[in-house]
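Heads up, the next two complexes both have chain A, just with different partners, chain B and then chain C.
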Partner chain A sequence: MNDKNKIIAGLIIFFVVLLFPFWFNLIFGAADAATAPEPELTDKAKQAETCVAETDYMRTEHMQILDQWRDMVTRDGKRIYKAENGKEYEASLSNTCMDCHSNKEKFCDSCHNYTSVDPYCWDCHTYPEETE
Partner chain B sequence: MNAAYLYSLIAVVLLGLISYAGAEAAGLEVLFGVIIPYLALIVFLIGFANKILDWTKSPVPFRIPTTMGQQKSLPWIKHNKFDSPYTTGQVVIRMVLEILLFRSLLKNLRTGFGKDGQKITYKWVVWLWLFALMFHYSFLVVVIRHLRFFAEPVPFFVTMIERVDGMLQIMLPNLFISGVVLLAGASLLLLRRVLLPKLVYISRPADFFPLFLIIGIAVTGLMMRYVSKVDVVRVKELTMGLATFQPSIPEGTIGGLFYVHLFFVSLLVAYIPFSKLMHMGGVFLSPTRNLPNNSRAKRHVNPWNYPVKTHTYEEYEDDFRDKMKEAGLPVEKE
Partner chain C sequence: MENSRRRFLKTAGFSILGVGAGSMLIGLAPGPSEAAGPAAETKPVFVDRPDAKHARRWGMVIDTRGLDARTCRKMEEACHSIHNVPDHIGKFGNKNHEIKWIWDTEFKHAFPGQEAEFLSDRLENAPVPVLCNHCDNPPCVRACPTRATFKREKDGIVLMDFHRCIGCRFCMAACPFGARSFNFRDPRPAIEDENPEFPTRMKGVVEKCNFCAERLAVGKMPACVEASGGALTFGDLNDPDSDIRKLLADEYAIRRKPNLGTFPSVFYIV
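And now, the complex of A and B:
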């Protein structure tokens, strides 16, 4: 009948598991974990000033554009993408996107790693070698 | 329309609108993004502990055997070990099966009339168990997956679960099976309550409200990922701020939908200790599940019985032996 100790032990275990984020970040976390990584722009990207769309739009929808491009190129054979601003781009991850954003580790990976996103773009596509 | 689910639905929709307007138009991001989540967690911790400690005080002096299987008896009668456990080990197995597989829900019967409309029939119905299993496990996976927003670096088991959950590799962003199953499970449980007349009759707003709230959480979550995307990096900035006690609202827009999601989750978390959702702790304390059925082998004495004055036959005989002998009555001791 007197299971008070067992119940309290169970309650403590539950709370410890529940509060995982708090103690995990305290022990293993980086000090600046609450600051999002800033994707680094190459000189070429800075000079171009605008991407194929607005920055805020690109932040959330870039995967949609890439998906659209893939279907366009591989299924319809169309290589030319007309952007909202009227400019025309070649629809290609390796040749267009990564022409400016050639620093995969500091551009793509910085946010992807931070939010544990694991895109399978580079299962097939190659990316430019990082140069020091 | 049934008032019980109408009110719950309206309540959830209103709360969603309040948080959307609050964060999007009124600039109350700090309230909905920092203050309410922390408050909800505090309410949950105190409320949950309070409830469990309150339950701890309820004495359970006797076994409560439920007739779900043959109890341990004579050696030639087959003992059903897990439905009527006798030892602590067997009880542990029954509890594990109950908590992980919801075996009680498998005993769900539907009463009705047979083809002739006269004879009462009992049909075994598996749906409640199936929907509950879908719902609970997908919810667990979704909660674990959300640790990617609350831990930096992201722990290996979260990445592992994401891999398995996203193994279909369809849609973009990659579809997580658990999210869809969670919404389906919760919706099916709701439909069950709404469409079966006998269930509507016994359902209260307290049954519908959490269901609508969870459906709201699932819908906003799926929307943020697949439809009207929010900036996930800024989201993690905010949640990591919460997890490291350096709360801040990141610069730039996150999107009102995120605040609705967070507000719904905060509400759910704060609501748990005061609702039927406490079954997450209560299931461990179910007396009909967690006690061995050994009343026939062991005597369980109620510990707060007051001492009863007894007068045994031996004592009686001692008192009256001479008189009994005189009257010619048989005595046990000479």
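And now, the complex of A and C:
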């Protein structure tokens, strides 16, 4: 039982390796950590002032809204969405959302890339620049 | 030694019991994820457009007497261009990957088992446009494991939710009319002019005629009907006063493969 030193040294090495992601990020990560993206609004979107819901809500829940829209339009054929702000919108990704937010790269992609999500909307739906 | 092992096992046993019971209690408590968000508080409201067309059961009558090959081309062109149907034959000369929503065939292929021995010359050569029959008893819907293909209760249209289609092609095996096509490859390169108002499909999904559900929803008639110069009549089969029912009352009309019991909603005057 005289291996105390070896054990302690082993333990230290073990924890250094275990915590690698943390200290690596602390030392080297901070410098080039990606800054949170600022999705850019088109002029049209700025003029409209409100989206179909509050900005904060849209930021976190737009996928839920799109899901609802999809089901209502494809299953029930109901195409008009009455928003809480009293306005009516056509429930369509390509024709309503992308009409204002026609800058997919600077709007949609900026956050999606940052959060590393890869939605497959555009496998089928078109966006303005693409069809031009 | 004996004693301490015994004590260790006891403590371990009790801890596991405690952790188990604790997590059960936590599980019983209402989770934060179930707490109502803004979407759950007020149910979102969706409505039809005021100009939408409604019916209990949409149907079509095709009068082959008023059709020639050129009109058939026009109908096909109208349908395929607004629905972004890829043209793999025209673009790549690849017959195996052909996608079609409406096309024309010969009488003997459209109505196998109903051909007469001495068919009139006109019928022998006339093009017969065929498309999904929007069957009242659709076998494709029964075959679909994901409910990507479904019959819309309100108007009888057999529709597809492309988001949901997994490409298993059970529906294609089930459909006795060959009305469905499978995207073996990315359709986009084979689309000449994309219509931005309608989605394309992606590789690995099935597609077919949708009775222009997206046009009916905005008050328009199906594209092929508009392009047919009056040879196609579209309307509500459940409404005895509709044009289509009046036409059916006057003329003798047949359906494709009636013995299979799928009850097509597309009728042919031959």
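Note that the second predicted complex is superposed on the first by the 96 of 132 C-alpha atoms of A that agree within 3 Å, B and C clash if a C-alpha of one lies under 4 Å from a C-alpha of the other, contacts with A are read in each partner's own complex, and residues count from 1 in each chain.
Here is the rule we use: contacts are C-beta pairs under 8 Å (C-beta built on N, C-alpha and C of every residue); 3 or more make two chains touch, one makes a residue touch a chain.
Keep in mind that this is a model prediction, so the values were computed, not measured.
Q: Touch check for A:61: first (chain B), second (chain C), both, or neither?
A: both
Q: Touching A:7 in the superposition: chain B (first), chain C (second), both, neither?
A: Touch status of A:7: first partner only.
Q: Which holds for A:43: it touches chain B only (first), chain C only (second), both, or neither?
A: neither
Q: Considering only the touch criterion stated at the top, classify A:115 as touching first (chain B), second (chain C), both, or neither.
A: first
Q: Who wins on chain A residues touched, chain B or chain C?
A: B
Q: Based on the A-chain superposition described above, do chain B and chain C contact any of the same residues on chain A, and if so which?
A: Shared contact residues on chain A (touching chain B in one complex, chain C in the other): 61, 64, 120.
Q: Which of the residues in chain A come into contact with chain B in the complex?
A: 1, 3-4, 7-8, 10-11, 14-15, 20-22, 24-26, 28-30, 33-37, 56, 59-61, 63-64, 66-67, 111, 114-120
Q: Please name which positions on chain A make contact with chain C in the complex.
A: Against chain C, the touching part of chain A is residues 53, 57, 61, 64-65, 68, 70, 72, 74-82, 84, 88, 91, 94-95, 120, 123-126, 128, 131.
Q: Sort out for me which residues of chain C touch chain A in the complex.
A: 37-39, 42, 44-49, 52, 150, 152, 154-155, 159, 161-163, 194, 196-197, 199-202, 213, 216-218
Q: Quick one: which bits of chain B touch chain A in the complex? Just the residue numbers, please.
A: Of all residues in chain B, those touching chain A are 45, 48-49, 52-53, 55-56, 59-61, 147-155, 158-159, 162-163, 169, 172-174, 229-234, 236-237, 240-241, 243-246, 248, 250, 252-253, 281, 284-285, 303.
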